[in-house]
Each structure stands twice: as structure tokens, then as C-alpha cells.
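Next up: some structures, all given as C-alpha cells.
Below, chain A partners chain B and then partners chain C, in two separate complexes.
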Partner chain A sequence: MSQENPNSRPQGQGRPQGRPAETGAPRISRVDASVASPVKFFFASALLWLLVSSVLAVITAVKLHLPGFLNGCEFVTFGRLDAIQRNVFFYGWASNALIGLNLWLLASLGRFEFRNAWIATLGGLIWNLALTIGVAFVLLDSQNAFELLELPRGVAPAFFVAFLLAALWPAVAFARRPTSHVFVSQWYILGASFVLPVVYLLAQLMVLWCPTNGVLQALVHSWFLQNFLFLWLGASALAAVYYFLPKELGTTLTGYYLSTVGFWTLFLFAGWTGPATLLGSPLPLWIQSTGVVAAVMLLIPLTITSINFFGTLSRDSGWSRAWNNTTLRFVAFGLVAYTLATVLQIVFSARSLNAIVRFTAFTAGQQQLLTYAFVSMVIFGAAYFILPRLTGAFWPSAKLVHLHFWSCAVAVVGSVAGSLVFGWSQGAALAAAKPFADTAHPQAALLSSACAVLFLIGHVAFAVNAFGMLTSCSSSTDEGRQA
Partner chain B sequence: MNDSHRPNDRHRRPRASYNPGAEGFSDGRLVEVHNQLANDKEEPSEGFSLLPVFVVFLFCGFGFWAGLYLTRNSGDFNPGSFDLDAPRAVADNGPKEFEPDPVKGEKLFVANCASCHQATGLGVAGAFPPLADSPWVAGNEERLVKIIIAGLAGELDYKGTKYNGAMPNIGAGLKDAQVAHIATYVRQAWGNQAGPVTDAKVAEVRKAVGSRGAYSPAEILQAHPLETK
Partner chain C sequence: MKNLNLILAGVFFTVAAPFGGLLLGGHAQLGALGRAPAEEGGPLLPALEPGLAIQGRQVYLQLGCVACHTQQVRPAGQGSDIAQGWGARPSVARDYVLQPQVALGNRRVGPDLANYGARAKSDAEIAAHLSAPAAGSAMPAYAFLFSPAKDGSLQPNERGAALIAYLKSLRQDYSSPEAKLKQ
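Right, the complex of A and B next:
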């Protein structure tokens, strides 16, 4: 793909017209063209859902300090919008984008032209249709009381089939790749693609379809959540980091031979950390302690990814080069967030600390650090790299790229820091047995509203840029119209 | 990234080793080079690195800690143990205090006594004296426990009916707590209203009784005369 790298062409804004090489616009490689239609479909859907999620986040954030806002209509009550916002963000934005990203990475690293790409697109259609129907049902007041399983259970089979088509089928195609070498990104993608359907199926069965008794339900749910966050979202984003860092810096990864250990230990321990989020619950003590041990053992994959990534970035003025590269600026930001999120997960599995922050906004801050500051920022960085190669066009506006990065970076730093600080202080006040009303911080709600607006600004900037590019290149390939 | 319309295109420099060319790595080269790295373990130019040794020791340390932590905080892998402080609290209080349990008492009574005294506690007139509403049972607790432990043999006149039986030393084969459960049950069932008997009391009486044979009614009434209502 090197000789067809779009960014290596002389600069030009001309539209590709059949023979892009002569017009100076980026050319689309055959590997990229083979997956262009599903990947563009997934990214475009992800973007739309991201906008929906951002608007809902603004409404729910404002409702927290202006309870009268949008009062009197049952469809916009906090309980429904909050659940919808969460599901739209995780299933609509993050999962859509990661399915597309994984697909593109598998094809690029395996260097094979993807056959029957329509199967993945079909999976994407089913996925997004199911999500839309599920959201409509939640809007009409039919939701389950389990985080990320709120959508009515009838949606689950559609999600399951859609994921098999869109993510597992490419994994099968991976087995028929022409190359024998397997790069670490490919391990992470395959691992993530196999983890999600298994945990989703078991969680649906044991929590919603044939509910188990008592605490087992909560245990299964926590197991599902941690797997979803660390091994689906997290591992997929790590795959992208492992790819873009050496690719864009043009250097090899430091301590690459360790990455196998990092991969296996992450997949071994991250799934067991569920009980560490349920400390102090009526779960048998040994299960809670196993969760704590698993969380602390995340130190092993964390050590290895730190050696791999920070070792690479600290060589040859890697940090400043990453800062000056759009993709790597987002990716490096995400990398720092991943490290912080894992450290917090480890430190706050300690029983004494966990007891303080257990029921506060602190845990929400932890989750946002992992899923937004890490996963979403990496996805943004990847989109800046991938979309020009799929559309054969350049990003229309560099100013919007700047606006996107800074508003999202400031918003996520403010939002996460606010949750952590206010959560901790509220937890400490509650531990000192102060009345609940005295422990709430009105500033926290104001801060989260301001951050939600900033997020929305950044996402709109990104969407304008991306849709401008996706629509400007409609003639470059036959499949280009999908998105 | 400033004003460039191609934000990714800047600062892409080649490296001395594994030179990927001016464009950064191609995908093929990226995979190939890292595959070599995985097999070589280390970049040859770097010489011997302490990193792998350090990492191995570090990870062994984590594993050691994990074993210690699980052993100390697992509640003996008992599914009924939920609270980190619970096992210690039990150990501090020593053996559990005796609590009379009417359900256990009834079970033991049915198994050991009801064949003669009947489950209704009414006995059989002329053969086995009744226990229901009886001052023999509801009065002095030592009298009751002595009879259960040592037995009672000889002629006895109770409410105008003559009995001449021989109650065996049922209690000799039972634990203190079991005798206490039976005694407590008997003293509180069928209209009897008397306080419970503790296992400590049973142990004390058992010591006093020693290994003697059955009491005669006259002997026991001399030691513990019937209380008048």
C-alpha cells in the first residue's frame, strides 16, 4: 500500500475522476477499496450516533441543575434519555466505529482484498436498525435496569447476528489471508471480536432471558460490563494504537517481543475484574477478592503496553512528532488516558479506597476516562488516517480539526477531573456520615453541562469535516456512495 | 497540522535502523519487521538488556502477592462468608453461646422420649407418667435433668394414678446441648411454662450425677421436693 499512500501524493484538492493519480488527488489502494463500502458505512453511522449522543448528553446534563428544563413531556425525562444516551454512545458510536476500524485494520495488515464486503455492510445495517428500534422502545418506557443491557431483550438476537456478520466474518476471512505473519494488532482485534459475542450472549441469557437467582445476576452483569469496556472497546482501541504508533512514527515498537505476554495477560485478567466493582456487596468473599487480585494483575499488561508505547514515543523525539501529527496527537492523548484509567482501576480496587468512592461520580469519571479519553480519542485519530484513504479526498478544513481536538480534549479533561474530584470529596463526606444533601456539589452539574456543550461543539466540527469529505468524493469509487 | 490540508503528512521521517522509507511504514513492511523483532527478542544493536529479567521478577512478585492476598482475604473459600471482618469476629468470641432451639428440642424429644411419653406429652396412664402440665417437669430444673441423665425407677403416685416403671438413662448417651434442648422443649410445651435449661447447667448436673444408677422417686423428691403452685 506504500506506493498508493494518499498522503504521499503532491498536495492537491482536485476531485478524483477515474484516474486520480494524474489529477494529484490521493489514490485508493485496492485493499482499501475492497473494504471501503462497509468501513465508510460504519464510520458514517457512528458519526450520526455520536451527534445524537452528544445532544442527549447536553440535555441530561442541563436537567441535573435545571430540573424544570424540558419539563412535562414523558419522552424527555432524565431516566429515559440517560439510558438512551449511554446505549447510543456505546453501541451506536463506539461499537460502530470500532467494527469499521477493525475491519479496515484486518484487511490492511493482512494485505488481502476483501471479498463479499456486502456481508459486513448487511451486518452494519442490521446492527443500526436494531439499535434504532431498541432506542425507540426505551423512549416509550420499556427498559431493563442493567447498565448497557437497557435495550429491550428482543434487540439482542439482532445485535448478535449483526455482530457475527460484521466482525466475526472478517475474522474468518483473516484465516485465509495470504501472509503468514501476524502483527499484534491482529491478535487484539481477533480477541476482541470473539470476546464480545460470547459475553453479550451469556449476559443476555443469564440476566434477561433466563435470569439467574440473587447475587449471581449482578455478578454476571459486572463481568459483562468489564469485558465490554476492557476487552471489546479497550482491546480494539489498543489494536489501533499498536498499528498507528509505529506506522506513523516510522519506528519499530520498543520491546515488541513482550507484547504477546501483554495480550494474554490482559485477556486473562481484565474479564475477572468484574467483582472488584462489587466490593462490599453480598457476594462471597473469595469472589470479591478474586476480582481485586485480577484488577491488580492488570499491572502486567499495563507494564508491557507502557514499555511498548511510551518506549517508542520517547525515542527520536517521538512525543513532539506525535504532537505534530493529527492521528498521533489523538492516539497519544488516548494512550495517556488508557494508562491513567488502568492505574485508577487498579488503585481503586483496594478495599479501603473503593469503600469511599463506591457510590459516587468517581466511577463515572473512571469509565469516561477509559471510554472517551482513550477509546473515542483513538477512534478520532484513526478516522483522520483512514477516511482520506477510503474516499480519495483530503480533509476539507484543518481549522475544524483543531477545533475538534481542543474542544474534545478540554471537555474530557474537565469532565473526568470534575467527576474524580467531586466524587472523591462526596465519598469522603459520606464516609464521615454527613447528611446526603450536604455532600452534593452543585458546581459538578454546572461543570458537566459546560463540558457536554464543548463535546457537542467538537463533535459537530468533526462531523462537518467528515461528511464534507465523505460526500465530496462520491465519484471516486462505485462503492463510495454507501455512506 | 497547522494549515495543512493534509494533517497526517508532516514529520514523517525515516529512522536509521529498519528504515521504512520516507512515507513511514508500509503495512507489509510493518508486519514483517515486527515479526523479525518478535523472533529476535531484542534489537541486536542494543546489546544485553536487563529489561526482560526485571520484568520477569516483577511479574513473579505480582503473582506472589496475589497468592498471599487471596489466602488472607478469601474467607476460607466459604460461600457463606461475605464480610472481611466476619471470620475474625467469630474467632474472638470463642465458642458460640448456647441458644435453646424449640425445633431441635422437638426433634430430639420425638426421637428419644415420645415412644413412652407420647408426642402429646400425655404419657400412657398406668405405664408412663404424663409430662404435660406437670410440676415434676416445670419446677426445679436440676430434678428434670437428673432424671433424664440417670433415669428413674420405682413406684410413683402421680395425680391418683400409680406408675411402676423404669425410665432408662436416656441423657447419658446425649450431648449436653441435646439434653438442654430436650429439657427446654419439655418445660415449654403442652402448657408448661418454665425457663430454659442451658447446656452449662446440664454439664454441671451431669458432673454431680456421676456414674450412679437410676434414681428412685423417693430419693429424687427428697433432694428436690415438688414445688406447690
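Right, the complex of A and C next:
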């Protein structure tokens, strides 16, 4: 594996995003131009889904403290909207954006021009169409009882084919790259692109198409979910961090040689951690204990990524430079969240602690720390870097960039902190055998609603800026290509 | 192709190992688990569900009740589920062998329902809770599961009756070979 080369960055690199160009528009390289169409499609789709998800999140948050809110119609009951919001967020926002991001990273790092990029766009079309149909089914008909497998099973083959076209095909095209270097980011992308379709297909088969016996369905589901969270979302986001951190700081990563060990240990252990989320369930104890051991072993990849990332940020005023760089501000925020999320995963796999927080808002806070504070913030940071290079334009408004960061940062800190604190408090009260009805905190739902509104504000700011750039870029793109 | 085969082979192994170790291992242990009597000569448990309850499960899934309710009682020492009165014994794998889709759930905005049928006093009580939850409850009213009767009172419609039958069928108040009820 090779270290990322900071001298190889494209022109326009390092200029604060969100600020108008001093001289001309950024050039679009031939490599970027070859993937511009599918990557822009994926990011535009992701943005639309993010807005839908944000509106639904506000509605579901309000419903938790005002159960009568929008309760006249069956189609907007909490149970349906909650499932739709989750699926739209994970499959619509995060997965669309990560497929696009991975595609760009593979092309950029491999320095090869994609031919037949329309195949990836076709995959994206199928993906989004399948998601739309799946959401409609949940809204109008029925859903499954497993998180992120709620969509009807008929959607699964479409998702699978779409992912093969959009993500696995580019990963295989990686083999044809002209350069012989292999960067650690590419390892993570290849791993993530292989894990998701395989795990999704097997989970669909064993839970929905040919259901296994009883509680084994929950075991399969926990295996799928942990793979999805850590090895699809997490690994893809880590790939982006391994790319952007050294590139934007113009330095080498501390302990880069360890990153191979970090990659393999993450993939080796994360897949076993599913049962650690099922402690106290009717599954055999040996299965639950295996999950706990695997969760503790995540300490190894966490230590290595911490050395890599925080070691790098701690050198040469790295934190301060990261703070003054739009992309790295989001990425560094995400890194802190990733570390906290993994530490919580390890610590709260202990049976005694898990018994307190299980089934409370605490676990939702843990998941939000990983999927929003880490993954989504890294995607935002990456978007601020990539989209100007694909569109040949700059972000229209620096103010909207600041509004986006601060709204989302404050919202996610408030939301996660609220979930962790109120979740722990409720768990402790239940452990003290207080009646369940007396343990709920009404202020938790209020805080959650306020944070959901803040998220929506931040996402609208981001979307206005992004669509402003995407829709005004056609002329500059052509100029950039000619240049 | 430098390193590609190595990466894919390695990643394949990392997926295959937990799949084999956890899922196939679990399947070898529980895949053929079926109903069994608590004692020799006793009835097979869990009991078969009434047809209406099977329809009611579909309503339960349709409405996403699993977003707020779990169906699993943890053992004493691993949470206070039994102390909360949600079950007389911990749930065991055999309790779920008849369920085509297990709704264990992951979050409790409302109480656990694994044993709800054993503690609900009557159909009328369940219907009243569904149509007009008590003040302070985070649960919304499911008015669309009810229709006005001739006397003006609300009566469960077909789906409402099915859901009530399903909720009544949720019982883990019997002894199982793996978890005996204390006398």
C-alpha cells in the first residue's frame, strides 16, 4: 500500500470552499469529468432524500411528545413514518452519497477514466426507483419488523442489481487502473462494496424469503445491521477520511503502516459484533458472548485509526488548520464522533452496563453518533471538496456553509447528548424497579424535536447551496473541460 | 490486478467467518427447534395461534408497532423486565418457533408486549387503550381501527378485532423445557 501523495492534488485544492473564486472557475480534470455524471446524480438524489428524511424526522419527533399530531390518517402513524424516515436516511441519503463518493474516490485515486459511466447512473436510477416503490409500500401496505429490512422483500433484487451496477462494477474496474499504487482508501472502498451486497442478499434470504426458525431471524438481522453500520457506512466514511485528511493537510499520516492492520481487524471483528446488540435476548449465551468479545476487539482498529488520524491532526497545528478548512472541519468532527461511537460500542457491550441502557434512547444515541455525527458529517465534508471539482463552480454562499455546519453540529451534539443522558437516566430508573410509566422524560422528546428542526435548517442550507451550484454549472463545466 | 484478489479473498473470509460461526452455528443449534411439552405427556407449547390472531400480526406489522414495543422478557440480572411485571420467566427461543416473523424489537417507548395477553384483563380494556390511550401516554389513538356502533359507542372493525386477538395471543405464561415457571 502507498501513502496518499499530497503533491498530487488537483488545481484549486486547499482554497476555502464556499468562498467565491478569486480567479476563474476550478478546472475539471479528465478523470473527474469521466465520473461527473453518475457522481452528481448520486449526490443530487442523496440530497433530495436527505430533505425528505429531515421533514419526516421533525414529524416523528413531534409525534413522540404530541401523539395526536397528524394522527387523523392511518398512513402517517408514527410506526410507518419512523420506518420510512430510517430507510430514506440510510438507503436514500447515506448510501446514495457513499456510492457516489466511493465512485469518485476510486477514479481519483486510481487515476483512470471510467468508460461507460452510464452503467453506474443506470444503477443509481434503479436504486432510487426501488427505494421510492419500497417507501410507497410501507406507506400504503405493510412493513417488516426488522430495522433497515422494513421495505417489502420484492425491493431487494432491485437494490442488489442496482448496487452491482453502481458500486461493484466500478470496484472491479479498479483492477484496470493504470497505476500500481494501492491506497488504504481503496481497500476500505473495495471491502465495503463487497460486504454490502453479500450481507444484504443473505439477510434478505434468511429473514424474508426463506425465514430461519424463530429468534434466529433476529440473529441474522443483528449480523446484517452491524455489517451495514460498520462495514458499509463506517468503512466507506473511513475511506474518505484516509483520503481527505492527509490531502488537505498536505502531510503524511502518522503511523500509516499500521493502517493495513486497522483495515483487516475492523473487517475481521465488526462482522461478529451483531449479537452484542442482543444481550439478554432468547439467543444462546455462547452467541451473545461471542458478540461481546468481538465488540471488545474493536479496540484494535479503533486504536490504529486514532493513531493515524489524531496523530496527524496533532502535528503542525493540524487541528487549527482543520478548523479553518471546510472539508476538514466536517471530517475532524466526524472523527471525534467515530471514536466516541466505537468506545461506547465497546464499553456498553459489557453485560452489566448493557442491561441498563438496552431498549432505551441510549442505543439510538449511539447509532446516531456513528451514522450522523461520523458518516453524514464526513459525507458533507467530502461534498464540499468534490462537487466544485465536478461542476466547475464554487459554492454559491459561504454563509450557508457556516449555517449548515453549525446547525448540524449543534443539532447532533444536542440530540446525541440528550439520547445518552435521558436514555441512561431511564435505564437506571428501570434498574431500580421504578414503574415504567414513571421513567420517561418528556423533556427528551422536546429536545429531540428542537434538534430535528435544527437538522432541517442545516440540511436546507446545504441543499440550497448544492443545488444552486449543480444547476448553474453546465456552462462552466464545458469551459472547464475545454481548458 | 495487484492486490485486488488478496483484498477480495480476505474480505470474503471476514464475511464468511461470522456467517459460518454465528449464523450457521446458531442454525445448527436452533434451526430445528419446535414445540415441546413442559413435562412428559403435557400439551405442546407454545400453543397454536387462533386464525384471527394471525391476521392481527399483520396489522401489528403494518402499523409499525415494533418501533415502540419489544416482545422479549430478559432474565433477572439482565434488566428489570420480570420486576416490571412483563413476564413470569425470561423468554426462550422456543417461545418464537411458530412466529413467521419475529418482532423482538429494539426500543421501548411503551412497555414490553411478550406477555401482554396474560396481563390484559379483557378485550374491552385493550380496545379502550387502542382507541383512547390514557393521558400522558406517548401512544397515539388508533381511531381507524374502530367504527361507531348503533348505540354510538366505538366498536373494533375487522382489523381492530384482529389486532386485539393478536395482542391477547401474546403469552409466555407457561412452563417450557428451558424455563420453568416458579410455583
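Rule of thumb we're sticking to: the second predicted complex is superposed on the first by the 452 of 483 C-alpha atoms of A that agree within 3 Å, B and C clash if a C-alpha of one lies under 4 Å from a C-alpha of the other, contacts with A are read in each partner's own complex, and residues count from 1 in each chain.
Convention: a residue touches a chain if its C-beta (ideal position, glycine included) is under 8 Å from a C-beta of that chain, and two chains touch if they have at least 3 such contacts.
The structure displayed is predicted, hence computed values, not measured ones.
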Contacts of A:L285 with chain B and chain C, given as first, second, both or neither: first
Partner chain(s) touched by A:V410 [first = chain B, second = chain C, both, neither]: neither
Partner chain in contact with A:T303 - chain B first, chain C second, else both or neither: first
Which superposed partner A:A83 touches (first chain B, second chain C, both, neither): second
Which superposed partner A:L48 touches (first chain B, second chain C, both, neither): neither
Touched partner set for A:T327, first chain B, second chain C, both or neither: first
First (chain B), second (chain C), both or neither touched by A:R351: both
Which superposed partner A:G214 touches (first chain B, second chain C, both, neither): second
Which superposed partner A:G250 touches (first chain B, second chain C, both, neither): first
Of chain B and chain C, the chain that contacts the larger number of chain A residues: C
Touching both chain C and chain B, counted on chain A across the two superposed complexes: 1, 182, 282-284, 290, 351
Chain A partner contacts - residues on chain B that touch it in the complex: 1-15, 17-18, 20-35, 37-38, 40-43, 51-52, 55, 58-59, 62, 65-66, 69-70, 73-75, 77-84
Touching residues on chain A, where the partner in the complex is chain C: 1, 63-65, 67-68, 71, 73-74, 77-80, 82-83, 141-145, 147, 150, 174-175, 180, 182, 187, 190-191, 194-195, 198-199, 202, 206, 211-220, 223, 227, 264, 267-268, 271-272, 274-275, 277-284, 287, 290-291, 294, 351, 355-356, 358-361, 363-364, 430-433, 435-437, 440, 445
Chain A residues touching chain B - in the complex, by the definition given at the top: 1-2, 5, 7-8, 11, 13, 108-109, 111, 179, 181-184, 243, 246-253, 255-260, 282-286, 289-290, 292-293, 296-297, 299-300, 303-304, 307, 316, 321, 324-327, 329, 351, 384-385, 388, 394-396, 398, 401-402
Residue ranges of chain C touching chain A (in the complex, touch as defined): 1-4, 7-8, 10-12, 14-15, 17-19, 21-23, 25-27, 29-33, 58, 61-68, 70, 72, 74-75, 77-80, 83-84, 90-97, 99-109, 111, 133, 136-144
